[in-house]
Structure formats: structure tokens, C-alpha cells
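Worksheet: one structure, shown below.
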Amino acid sequence: MVRFDGRNCDEIREVKITRGYTVVPEGSVLIEIGKTKVLCTASVEERVPPFQKGTGHGWVTAEYSMLPRATEVRNQRESTKGKLGGRTMEIQRLIGRALRSVVDTSKLGERTIWLDCDVLQADGGTRTASITGAYIALVDAVKYLMHHKVIENDPLMDSIAAISVGKVNGQAVVDLAYEEDSKAEVDMNIVMTGSGKFVELQGTAEGRPFDKTDLDAFLTLGELGIRKLMESQNKALTAERGR
Amino acid sequence: MVRFDGRNCDEIREVKITRGYTVVPEGSVLIEIGKTKVLCTASVEERVPPFQKGTGHGWVTAEYSMLPRATEVRNQRESTKGKLGGRTMEIQRLIGRALRSVVDTSKLGERTIWLDCDVLQADGGTRTASITGAYIALVDAVKYLMHHKVIENDPLMDSIAAISVGKVNGQAVVDLAYEEDSKAEVDMNIVMTGSGKFVELQGTAEGRPFDKTDLDAFLTLGELGIRKLMESQNKALTAERGR
Amino acid sequence: MVRFDGRNCDEIREVKITRGYTVVPEGSVLIEIGKTKVLCTASVEERVPPFQKGTGHGWVTAEYSMLPRATEVRNQRESTKGKLGGRTMEIQRLIGRALRSVVDTSKLGERTIWLDCDVLQADGGTRTASITGAYIALVDAVKYLMHHKVIENDPLMDSIAAISVGKVNGQAVVDLAYEEDSKAEVDMNIVMTGSGKFVELQGTAEGRPFDKTDLDAFLTLGELGIRKLMESQNKALTAERGR
Amino acid sequence: MVRFDGRNCDEIREVKITRGYTVVPEGSVLIEIGKTKVLCTASVEERVPPFQKGTGHGWVTAEYSMLPRATEVRNQRESTKGKLGGRTMEIQRLIGRALRSVVDTSKLGERTIWLDCDVLQADGGTRTASITGAYIALVDAVKYLMHHKVIENDPLMDSIAAISVGKVNGQAVVDLAYEEDSKAEVDMNIVMTGSGKFVELQGTAEGRPFDKTDLDAFLTLGELGIRKLMESQNKALTAERGR
Amino acid sequence: MVRFDGRNCDEIREVKITRGYTVVPEGSVLIEIGKTKVLCTASVEERVPPFQKGTGHGWVTAEYSMLPRATEVRNQRESTKGKLGGRTMEIQRLIGRALRSVVDTSKLGERTIWLDCDVLQADGGTRTASITGAYIALVDAVKYLMHHKVIENDPLMDSIAAISVGKVNGQAVVDLAYEEDSKAEVDMNIVMTGSGKFVELQGTAEGRPFDKTDLDAFLTLGELGIRKLMESQNKALTAERGR
Amino acid sequence: MVRFDGRNCDEIREVKITRGYTVVPEGSVLIEIGKTKVLCTASVEERVPPFQKGTGHGWVTAEYSMLPRATEVRNQRESTKGKLGGRTMEIQRLIGRALRSVVDTSKLGERTIWLDCDVLQADGGTRTASITGAYIALVDAVKYLMHHKVIENDPLMDSIAAISVGKVNGQAVVDLAYEEDSKAEVDMNIVMTGSGKFVELQGTAEGRPFDKTDLDAFLTLGELGIRKLMESQNKALTAERGR
């Protein structure tokens, strides 16, 4: 079965990663996966949240937002509404947990790395693109800290990337575009380390419940897709950039 | 290995379900799982959210809250803070999706069933206890609607229950108490239908990533635990109650 | 004249007090007056509000909330609305002032006792039931503090309870149920100490103004009702409970 | 015993009432009681709150606010804080109930009269001055409506005024200035109709509980004070004003 | 051409300035320009905002608000809405910047002067009247600080006043009343120092763009109007007042 | 005198305009002026604000926001703070007024064009770049509406662009970068139509007041700069783009 955009079931969309997209942040990455465009920046702040104070450990946290016209229909800004929606909160908590899972915060010192993921254009998979792009911004920020001798030892313990899988028209597929996402029977986000282990697994039956056989198909497709994303991450990271 | 409270790895805590705990709501269930106590009420409202208007379909939604002293340390009320936290939003969205997955909203008519899950005492597993208890409140509300001829056909397509599984001290366990939850390496919530299919699967590596073998162990334990919860649900539902 | 539920004008509803309803708080009381059910917990916090800092004095404060389906028609949560309503603020200020009036804060040390009154089911008189129940939770918290040698001298100077009186169909009655409250011409809340003095007196002519003769009738009925509540309080407090 | 400002216990402060202080509102009254200055305006709006719609009845409601430097120490604006405090809510609910109690809303038609009470300078008794002044603004708004034939029959059923009484240094006094209010043992606000009946009675033991004898003294002093306020109201209302 | 109220194009409305309108603030001025009435108070606070801490410099800031019935149609309070509108923010930022421009904050010491401008009645030109009145309140507060030896050297470097100019029916006019303001083609606010220099110039083409010739006419009219306002300021300041 | 970045006083920074930067909106323009990068999108909504309903006229409005790390130091998101700051409100009101001034809303029909200006990188002049870029997005949205026969007649009456001028180190300069803006004595924003008339003129003396001679220099420099911006606008608009 061919998908609406001609892809095979196990085929991810084209990935384009631009490091140093803006020049001010310690890390700044524009990640494009198909039409989805997310600007991921990493900002170092020389303090930690209250619960980390005095522990000698650092912190990694994320914020996620969509520009109002990232989507087909314009969305009201959450700043205008005066509060964050549940979807935004869920996503930024997920991104933060994911990135924290590969950082040894004891090597970061008492400082915070903020990962801001701002969706310029949304065509499905914005949360997984955010994780995949934020990882590169995080690497750049860590390099910056080590280059300037702010920290001595690399706090990164592993690499990380994420992808969506799901069931559309009874068929398991990877890297769903909005067209597919909006009518998927099951939608699952998988976050995996470079060493091939799970960090997050979030599967939701949107239309009908799924069984163990579906799950196995999702995991296989997801791992394949994440491997391809990691190749793109590695290629982007080998090209040097300065600040 | 015996757990901190003497349970085996595959043993869930004692379950106590009180139907009609309060007399006003169409469904009102106090569910106690170990020391965790959640009051789940189902309220029928004769209108639907704007996006469902004119569709002929109904809606099922959930709200979740903890009393300030449900926990060891008193928490500030979200009403006093002026906004819902991310954790609350995540949980109530999960409960809503879970319960909706077993309802044929076309048979509900243009009305909403609100499932309010208020945690009176929290000792781990409050979100899964909420789903398990809210299902019974939902059944009672549906019975109420059918008894009063408000709806003709039963909109419930399946039963549903949920449980937490995780890895504590390197060991997979089911139905984590707070003592275990707070130091779990992996924490996973499983929502399953009576027909044994997955509705939600949310696994998070709190401490270290997990692999396929861990996942298999979690799913096996989870299914076992959910079977036991469903026995408690069935037993509670066979005893008659009025309103 | 017999009332809608068969009571005489000077007859209060059945009172049921359960100490230690939840096990975590320093004081935890479920008070049931007729169908009105309020969970009152007392929580000790080792700090005081800014205006008490450095005075050596403690503080006692209260928060009040109703579960959304405590009432016949479901109410929107104040946490969802993003702010407390005027009624809630009025009531929690009243409860706080009432309980503070029997505490010698100089004997409490620089700590706060939070009294959380959460209405599980509302059938009139929730604010007076909250005061009556919170007093017992406060006693238990004080016992806890003295038992653990946190404080040396009992800061409680008197006992306290509260009741509603009013005029319904031209007749003065005590302890109004919602059925009566909703059509009362006058509604008055009386808070009294064990020594028989007034702490608060709040009378409102809902329908028509009242005169001195009405007031005298209200005070007589109120005092009688409060005496009966105090008997229930005393009985509950003689039975031992632990934590 | 002479009071700090030379007054006798039963003596109220000088009262000055300026009708038409601002020219736009249907009623606009600057009331000065001692140093307390409140601008009370009455505004007619041609619609009612949702709960009154279709009843043919009108509505009367009040809002209360203090300018930030009405008090000795500047207070932060509630508009800047982003929410109303409990004290403000309590007071504006009291003012609204008080004024509604003398209006036959069926004669008002489906329109709302807003009573805005803005305290320009606060020296005790701002809520009672607000009620006393708002009554005159209400009279002017009603005259305006009748003069313009918007309504035919006078909806005012009685006049209304309010005063504070209390116990200071063991002595019952009327019309407390801030100096007295801040150290009163008991503080009571009395709202009374021209026909000498109670509309509201709110007594609070700030320092020590009070008994029936105290209460009788308060009521006597309060009635005397209110009589004097009503003389000032009548005098102000006999002088003509236009718009 | 004569204006709607009989004024010439270069004629400002009658100005009335009352110092010490309320007695508590360090500076308190009621300024009336035509029917526009603004109460401007100056309050000294013995601390500065975080960004000024430790600099030895003081701060001057302003807040602006309109009473709900200052205008023909009643406006909802911003405290009730829960947030400040854009217009309010714009105006209070303008007032603050304007007054700060004539203060040498190094001579003020680490303290803040709050300028509260509350519009009791609005008939056009409320922001410029606020600046003109707040200057006098500021002078009084500075006198108070110097009289009480809190500061030694006068921090005021110049005087300041403001006026509106605009184009109505193709004609440049000064000091627009609401009647004119609401249909002006161009509306410009000019803030000027006593030494005749510009502090702020804010011109907006409401209806049609304007050119250099218009601008010159505005500036000439504006300077003339401001000179007249400054005469009123000086006259008010020569009359002594105490506190 | 040469400026910090080598520019002459009357020299603007390099301008780069990318139409169709994102593909979903009716207009989408990335404007880069020096290091300042703003994404301006135009979105058509088929309804108008309440005050325009039934008039047959359309509406044009703007929203402005900065990504948190658009600046050297990361700023907290306004969505997280729960409210818009005064600066944001001021700017988005300015952008909205500016663009509305060149639109004949009667030709737009009852629909709204939203202009969203999101600053990806900020190096001074973000509000003027927003106006200059939003004009192009607006042109594209109008072309879209005309191409799809939604509207018949071009509602655009003129073109529009904006620039900042100011006084830095006693020297008048155009198009200030952040380095200059932060220490400018005077800062002025000029919005001009293609026909060379003023739409907005906002000059603020940050450090010291300015006189008529300064103003003349600012206006000359501003007009020159705006002419250059308009050349860039025209060049960008001649290249075709599709959607």
C-alpha cells in the first residue's frame, strides 16, 4: 500500500537540519521534517529551579509553542488566552523528560539548559521533531560550555531521537503527516536512545483499541525510523559551526 | 523478592469499591486501592462542547483534582494558584480519552457525561484508580439514562480499567504504591478494555531506559493486574443501587 | 409546624463525625450533618505568612471548596475558571477567623495550621459544618503537636461550633437544609464558643427585613443548636484515635 | 469616656453629601464621612445578567474599589494583581445585597443598575459609607428613569443606610474611624431600612467574643447612628439637581 | 472657525488644579481640564524595583486607571477582567517615562515615587492631564522628602506638561475634547519640558496620513497650549499647602 | 562619524525579504534587516470583531511576539507568565493601526486579516521591520482573496513601511541596531506611506529632551530610510510566488 504522499509504510519524510539558524543562542537548530519546521534553541542560564538548589546538579527543561499560523487554521496565541493548553503542557513535559534522560546533571553544574521548541510550520510529528532537533541544539550548547571551560566533563550520556508511528486505514506506518495523523486509529510516539533503548512510549488508541501484534509492528517501524533520524543528526553534527 | 509492603511482584493492593457514595450524582463511586482513595462521580449535562454541536453525538470528558492534603506534604490548591498544572492536565486528558474509547457517542445523544475524579488520599496510582472507578460511575450514569428512557440503546461498547506497572530495584512490579513510584526506574500506565486490548500505553524511563524484554514483562504484569481489577468492578456492579 | 423533612423548628439534623477519615493529615475529620458531608483536614506547616514573621506567633487559616458535583447541578471547578468566586472567599475567610478566635497563636510558635474544608456533598449549612468539623481537626492537630513535643502549652482557649438559623415561611428554624435555605426570608449564621459567646453573627434578609423580635428568636434557636453540636463534638473527641 | 477624636460614644462623624459630583452618570454622589471619601455612581445598563433574562425583572449590583493611595500605605491595584481580593468581593457583595433589598426589581424592567463605589480616601467605615451614598445615587438614577419615562412606577420600596459599631477599649462606640477600627475588639456593620428593620447584621469578634449585652448596646448605637445618616440623606435629596 | 464648544483653534479648556485633594499621600492633586477630572497622587515607597537595586538610584513610575463610569458608557473594571488593557498599559508607560525624564534619580536615593492617575471623569485628554497633574504631585512629594530631610538635593531638573493636538474637520486644533477626539483625522500628544524641549511626541493618523505642514501646525499649537498649562501649574505651586 | 558597524548615519542595514517562507498562510514573509529576523504571516478569517459586525466592513489586526531566545538573554514566554507585557501590547497596537491605515475596509467585506509578527531574532528595529514585512504579507493575502474572487476590488490604498531613527552620541542616525538603540538619547519610530505621508510618529527622549532641529534631522533621515525599504518591498513583490 502506498501512502497519500507516495511514501512506503516504513519510509520517513525528508529531513533537513540547519545548525546555527539564529546566532545568539548557545544552540540553535532549524529542523525540517517534510513540511514540519521547528526552531529549537538551547539557552544556558546560570541558575537552577528551587528544588535543585544546593545539590550541585544542573537541570534541563523544555518549552514548546506553535506560531498561530503554523497550522491550516490560525490558532489563538496562548499568551493572549492567558494560559497554556493541556496539549502544550503535555508536549513540553515530554520533551524535557526525554532530553533530561541523556544528561548526567551532576556534570552540568548548577545551571539550567532551556530547550525552546517553536513550531514555525506544523504538518504532524511536531513533538518528535522537537525532541530530535533539540538534541542537536543541546549538543551545541554543551560544546559551547566545554569550549569555554565552563564545564569540564561531557554530561551527555547518549544520543536521543523520536518518531511517531501509528495505524492508518488498518496499516502500520511511520512518521505520520497531519493528513494521516488526523485519521489514525492508533497514534504512538517513541523516544529512543542511540543505544536502542526506550525512554518514552506513548500509544493512544484514537479510534479502536490495539493489541500486542500491532504494538510489535509499531516498535519495529519506530526503531527503523529513529535509526534514519539519527543518521541525519550525526551528519549535521559532523559539519562544524561556530559562535 | 518481597516488596516493601509484603506484596509479591504481581500482586495488586486491596480494592474496595463503594457505589452511591454520594447521593446526588447520576454515578458516584468511592474507589479505594490500598490507601489511595478517589471519589469518582458521573454527571449528565444536557449539552455538548461547541465542536460536537449539531452532530447528534454526545461527549464524555473528565476532570481530575487532588485535595490539598491528599499527599504527605500539603499542596497548594490549583484554584488558589489560578491555573491547572501540567500534571493535572495530562491526567485528566488521559482519563477522558480512556473512557471515551468505550463509548459509542452516537448512542448518547447530544449530551455530555462529566467524570470528576477527586483524590481524597493519594498513595500512588491515582490516575489508574480514577479510570477504574470512573468506569463504574459511567456505567451507573448510563443505567440512569436508560432507566429514565433518556437514551434507548446502551452506548457502552466494552469495559475498561487501568493499572500502573514499573521497575523498582531492577524488578518489574505491578500496582506501585507511592513508596515504590517515587524511586521507580521505569513507570508505565496501561489502560485496557475488557476484551484485552490496549487503549493507552504510557511508559516513561524515570531513571534508566528500558528495552523490549522489560516491556514484555510490564505488559504481562499489567494484563494480570487489570484482570483482577475487572473482577472487583464486576462484583461491585452486580450489587444493586438506586437513586 | 412541622418542617419539610419532619423536623421541629428547633431540631437539628443527625450529626456524624469520623475522626481520622484520611490517615496522612495531622487532623482529618469527615463531618456529616444530614446529607451535608465535609472533609476537614488540619495540616501543620513550619512557617507563617510574611506579616507574622519574626513575631513568635503562629497562624491558623482555612480554605474551602466544593467538589463540582457536591450540588444538584454540577458546578464548574474554580481551578478551571482560574479564580475563586466571591462566595468561596467569604466562606473561607469566615472559617479562618472563627477558628483563629479560639487559638492563642503565641503558644503555637511560628507555624501555620491549614484547615481545608472540602465539601463532598452539599445540602445546606456547609460553612457552619466546616467550622464545626474543622474545630475537631484542629484539636487533633494540636494533640499531635503536643504529643510530639513540638509545642508545650495547649494553644486552644475555648471550643467552637457554628449553625445556621433563619426564617422560612414566616417561622424561625434552626439548621436549614438546602430545601429551606433556598427559600428562606432571613438567613443567619452564628458562630459561638463553648463558653456561650458570639464570635460571628451574620444575618442577611434575603426576602424581607427582620426586626429585633426575629433576632431574639434566631439567637435562642442558634444557641440551642450549637449546644447539641458541641455534644457531638465532645463525644467524637473522647474516642481515641492515633496516627 | 471621650474618643481619640473628641467624639462621644454615640456620635457619628461629620457627613457631607455632594450630588452630581460627576456629570455623566445617571446618579453620582460624593459622600464624605469624616475623612472617608467615596464616589458612588449609578449607571443604567439596558440588559440583565443571564439568570434574570426573560423574567421581566431588573437587577441591581455593586462594585467596590479603593484607589491605591486611599490608605496610609499604598496598596497594589487589583487590576495589576489580576484578581479581586476576598475583602473586595465580600464588600461588593454586601453593598449589592443591601441595595437590592429596597428595590422591587419587577418595576425596574429588564435593566441593570450598577452601583460603583470607589473609595478616594479611606478612614474606616468605607463599606457602610458606600451603602449610604449608593442609596442616593440609586434614587437619582431611578428619578432619571422615571423622568425619561423609561419606567412608570417607582421601584424603591424603602430607604437604606448603614453604619459600623464596635467595642473599643471595652466601650461600645458608633461610626469607627480607622484609628479605632484597627484595635476594636468587636466590629459590627448594620444595614437598616428607613422603616427601622435590619437588612444585614455582620458582627465579628476581632479580639474577644461578645455576649448578648454587648449586642444590645451595638444595636441601640447603630440605630441611632443610622437615623442621623438618614437625616443627611434626606437633606441631600431635597436639594434639586439636574443632568 | 469656531469649535463645537465655542473655543478657538488655539484655545485650551479651563484648568483647575487642587493641591492636597486627599490628605494622606505625599502629593495629591485633582486636576480638572474642562470636564476631564484626574486625581493624581504621589506615594513614596522605600524600595526600588529589582533592576535598580544596589545602584543608589531611585525610580519614578506611574499607574493609570479610569473609574468605570468616567465615560459616557460604563466600562468594565480591569480588576474584574483580570488584566490591564493595551490602552491602559500604553498610557501608564507614557506617564512614567515623561515624569522620569525630569528627575535625576541619583538624587532620589533608593526609593520609588509612585504616581497614580485615576480618572474620575473623562472628556478627552486624560493622559496629558495626568502628566500635567502628576508633575505637581511629584513636586509636592519631593518637597515632602526634602522638608523631612530624607533627601538633600532637589532631584527635579525641569518642569513638564503635556497636551493633545490634532486635526478635526481639516483644521488643526489644540486640547481636544472627547467630541473632537472621537472624529479627529490626526491625534498627537506632545510632552514638553519647561525649557521648551520635547520629551514625547506621539502622532497617529486616525483617518488620513498627515504631512510636514500639518506637523508644524501641531507643534506650534502644542507649544502654545503647554505654555498656558505651565502657567496654571506655576500658579498652583505658589499657593502653599501642608501635610 | 562612522557607526559601530561601519555604517554611515543615513545608511540602513541589509534587507532580505523571503515571500512564502511558510506555505500555509495566505501571506508569509520572512523579513531580515541586519540580524533582525521577523516572520510575518497574514491569515484571513471569515468574521470580524463584535464592533464591526453588520457594518459590511472588514478588519485588519496584528499580533507581535518574540521567541524567548530572540534576544541575548532569554526572556520568559508571555504565555507562561499568563499575560502580555505592556511593550508587546504597545507594539502590536502600533502595527495594527499602521496597516489598517492603508486598507479600505469597506472593500474587504466582513472578514479579518490577522498579521502575526513573530521575531525569530532581535537586533533592534523589530517593530518597524514587522510593519515593513507585514505589508508584504498583507499584499499577498489580498492577492489571494482577489485571485479566488473572494473580494472584487483591491482594498489597498497605499503602501507602507517603517523605520527607526534616533540620536546616538549626539548624532542623528537611521535604522538603529540593538547596540545603538540601548544607548540612544532619543528614539523615534516613523511609519510612512508610499505617497510620503506620516501614519505614525513616535519619538521618545530616553536620555535627554530634543528640539525642533533634532526633529527635522530625524524626519529627513527617516524618509530616506523608508524610501530604501520601499525599494526592497517592491523588488520582493515583483517576483511571483504561488500557494
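To keep things simple, chains are lettered A, B, C, D, E and F as they appear, and every chain counts its residues starting from 1.
By definition in this document, contacts are C-beta pairs under 8 Å (C-beta built on N, C-alpha and C of every residue); 3 or more make two chains touch, one makes a residue touch a chain.
Since this is a predicted model, take the numbers as computed values, not measurements.
With steps allowed only between chains in touch, the distance from chain B over to chain E comes to 3. For the self-contact between chain A and chain F, the two sides draw on mostly identical residue numbers; the shared fraction is above half. Of all chains, F has its CA centroid at the greatest distance from the CA centroid of chain C. Comparing the CA-atom centres of all chains against that of chain B, the greatest distance is found for E.
Seen as a C-alpha superposition, chain C sits on chain D after a turn of 180°, to the nearest 5. Inter-chain spacing, taken between the CA centroids of chain A and chain E, is 51 Å. Centre-to-centre separation of chain D and chain E, using mean CA positions: 32 Å. For this pair, chain C with chain F, the centres built from the Cα atoms lie 59 Å apart. Taken residue by residue, chain E touches two or more other chains at 82-84, whereas all remaining positions touch fewer. If touching chains are joined by edges, the resulting network of the protein chains shown is one closed cycle, each chain touching exactly two neighbours. Starting at chain B and stepping first to chain C, the chains sit round the ring in this order: B, C, D, E, F, A.
Within the complex formed with chain A, the residues of chain F that make contact are 22-25, 28, 35, 37, 39, 41, 43, 45, 63, 65, 67-72, 74, 77-84, 88, 114, 116, 118, 120-121. Contacts from chain D toward chain C in the complex involve residues 83-86, 89-90, 92-93, 97, 101, 158, 188, 192-193, 195-205, 209-212, 215, 219.
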